[in-house]
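Naming follows writing order (A, B, C and D), and every chain is counted from residue 1.
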Amino acid sequence: MTALWLLDLCLVAVILAVALSAVAARDLFAATVFFVAYGLLIALAWVRLDAVDVALAEAAIGAGLTGVLLLGVTARVHMEARTPGPGRGMRLAIGAGCAAVSVALAAAVLSLPVPAPSLVPAVEAAIPATGLGNPVTAVLLAFRGYDTLLETLVLLLALLGVWSLAPDRLWGGRPGLRHRARPEGTLAWLGRLLPPIGLLVGVYVFWIGSDQPGGAFQAGTILAAVWLLAIMAGLSDAPPVRSLALRLVLVAGPVVFLGIGTAGLFVAGAFLGYPPAAAKTLIVTVEAALTLSIAATLALLVAGAPERAP
Amino acid sequence: MAEFLVVAAAFVLLTVGAGLVRILHGPAEADRMMAAQLLGSGGIAVLLLLAVAMERPAAVDVALVLALLAAFAAVAFVKGRSPSGAGDPEA
Amino acid sequence: MRLALDLFTILCVSAGGVFFLAATIGMLRFPDTLTRLHALTKADNLGLGLVVLGLLPRMEGVAEALKLVGIWLLALLAAATVAQLVARAALRETAGQPGGPPR
Amino acid sequence: MTATLYGLTGAALVGIGLYGLIVRRHALRRLLAFNLLGSGVFLLFGAVAERAGPGGDPVPHAMIITGIVVALAATALGVALVLHLARETGRAEPDPPEG
């Protein structure tokens, strides 16, 4: 369909213009807003690439959490860089080098093998054993479960890294400042209205993830964003990082995953294996725990290092 | 019909994309924020048009997530502009 | 019937596109921050609303159609609150500057 | 066709991000550029996945989702480091190399 071709050209042109502007804009805030816009446009690109699962994750992260993370801090780091950047000649040389990298990658894209190698048959052959309908969820939770398990540990490590930036006397305290908003104001109103809806959307995205695009990562991101909104609206406070309940939620996902994965050694004969009869139930259990942990981890990553004494 | 919807999506995309020039010119930070907000609404419209034209009903869920989170970036922005970075943006 | 529905979709979606165009032109051409904000919130709500309206008859079932309306309502909610909050930020930022409100 | 177009876009984004990462001095700008670079790599990967046929190849898709989430975690850690740097030194860039 030629119309789709036209749309693709428009989308690609806008994406490249926005990416260039995010690098070239003089103003730090303008560059940040360009980057947030970029995240939204890339979500559209994923739909065109027939990767709706990825588009959901990109929409929740690129257009949601990244915006909250970056736009909140630009005012605190607006100071100009004092080290002079490379001079004009040097910039040209660097630009030429980067263009060469792009050209090499483009050449690789143009010489991709035909017919395209594909893991679709392998996934289709194995997916009945999981009881799932969404192949991406099956890959994440079953076929490449160890990737996902290690990823959740990486998220926890990043969170430890953020927390460790707190000075000793604040260790264990609450991240960020206590947010305030007038109780009858617009922000508090939004903060009361959106979280229940967001909770519903999050549970919905988690639930359909077994058979349609969606799943633990997308749902966790949505829940994290909604929690951050409640915090920014002053309706809830970030918990102190020493809180035992918080720490239990943070590790629940990896622990349940590891537990069921280890049980798989004895029941299904392989680490992270599932007995076919109970596969779907077990996977949904792991996913539910992961959703909670991912939501808490991402929200606290965005909330930042502890700034208030415990 | 699908052809028409895709052309409409391309039109909306190009239109709100042109609006992004506002991010470059400002002058107020609020102006820059607005352009991103317009792209958000336009992006939702493009996704819905594509969901029908490409027969990908799941893309409607992407639009749902965008609509749910549409206000979040702006809330973080106004919060960051309050004197302490966490105060009442409506004070 | 089929033809009438197609016509309805084409009309609504086209009108929606016009409103997006109007919002963009307003945002690019209007002289100061608050009038630009005004143009934006009016037009993009209507633009998305008309696109949603035009697509409603193409939905598979009632649940899908309701989801579409829900998306529009969420976008309305976001636009209304963002307009409020950003307008206040703009007032504070431009106070005392030429073209801005008195301090 | 679609895959090639978006693959080429990914290749261009890698170059744009790399340029920003080298040329920019402000740490937050570098973080943005780094994310553009990473996103270009994801797009390249997504183009390869799209060629597998209708619906795409789910294995790269799953890995891209993993990558996007890890990129967010790394960015959050980066932002926390930039904030720490700004608070400690009043500057938003690391010390220039000696010499």
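In this text, contacts are C-beta pairs under 8 Å (C-beta built on N, C-alpha and C of every residue); 3 or more make two chains touch, one makes a residue touch a chain.
As the structure is a prediction and not an experimental result, all values here were calculated from the model.
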| item | value |
| --- | --- |
| Both-way neighbours, i.e. chains that touch chain D and touch chain B | A |
| Two chains sharing the most C-beta contacts | A-D |
| Chain centre separation (chain B, chain C; CA means) in Å | 10 |
| Between chain C and chain A, distance of the C-alpha-averaged centres to the nearest whole Å | 28 |
| Approximate Å spacing (C-alpha centroids) for the pair chain A, chain B | 19 |
| Separation of chain C from chain D, taking each centre as the mean of its C-alpha atoms, in whole Å | 31 |
| Overlap residues in chain B, where contacts from two or more other chains coincide | 29, 33, 35, 40, 64, 68, 71, 75, 77-78, 81, 89-90 |
| Multi-chain contact sites of chain D, meaning residues that touch two or more partners | none |
| Chain A residues counted as touching two or more neighbouring chains | 4, 48, 50, 69, 73-74, 76, 186-187, 190, 194, 197, 218 |
| Arrangement of touching chains [line / ring / star / complete / other] | other |
| All touching chain pairs, where touch follows the definition stated at the start | A-B, A-C, A-D, B-C |
| Parts of chain B lying in touch with chain C, wherever the complex brings them together | 1, 4-5, 8, 11-12, 15-16, 18-19, 21-22, 28-31, 33-35, 37-38, 40-42, 44-45, 48-49, 52, 57, 60, 63-64, 67-68, 70-71, 74-75, 77-78, 81, 89-90 |
| Contact set on chain A toward chain D in their complex | 4-5, 8-9, 12, 15-16, 19-20, 22-23, 28, 31-32, 35, 38, 42, 45-46, 48-51, 53-54, 57-58, 61-62, 65-66, 69-70, 73-74, 76-77, 79-86, 91, 94-95, 98-99, 101-103, 105-106, 108-110, 112, 116-120, 123, 135-136, 138-140, 143-144, 147-148, 151, 154-155, 158-159, 161-162, 165, 217-218, 221, 294, 297-298, 301-302, 304-305 |
| Residue numbers on chain A that touch chain B, as the complex places them | 1, 3-4, 6-7, 10-11, 13-14, 17-18, 21, 25, 27, 29-30, 33-34, 36-37, 40-41, 43-44, 47-48, 50, 52, 55-56, 59-60, 63-64, 67-69, 71-76, 176-182, 185-187, 190, 194, 197-198, 201, 205, 208, 212-214, 218, 222, 225, 228-229, 232-234 |
| Footprint of chain A on chain D - complex, ascending | 1-20, 22-29, 32-33, 35-36, 39, 42-44, 46-59, 61-66, 68-70, 72-77, 79-84, 86, 90-93, 96 |
| Contact footprint of chain A on chain B as seen in their complex | 2-3, 6-7, 9-10, 13-14, 17, 20, 23-24, 26, 29, 32-33, 35-36, 39-40, 43, 46-47, 50-51, 54, 56, 58-59, 61-62, 64-66, 68-69, 71-73, 75-81, 84-91 |
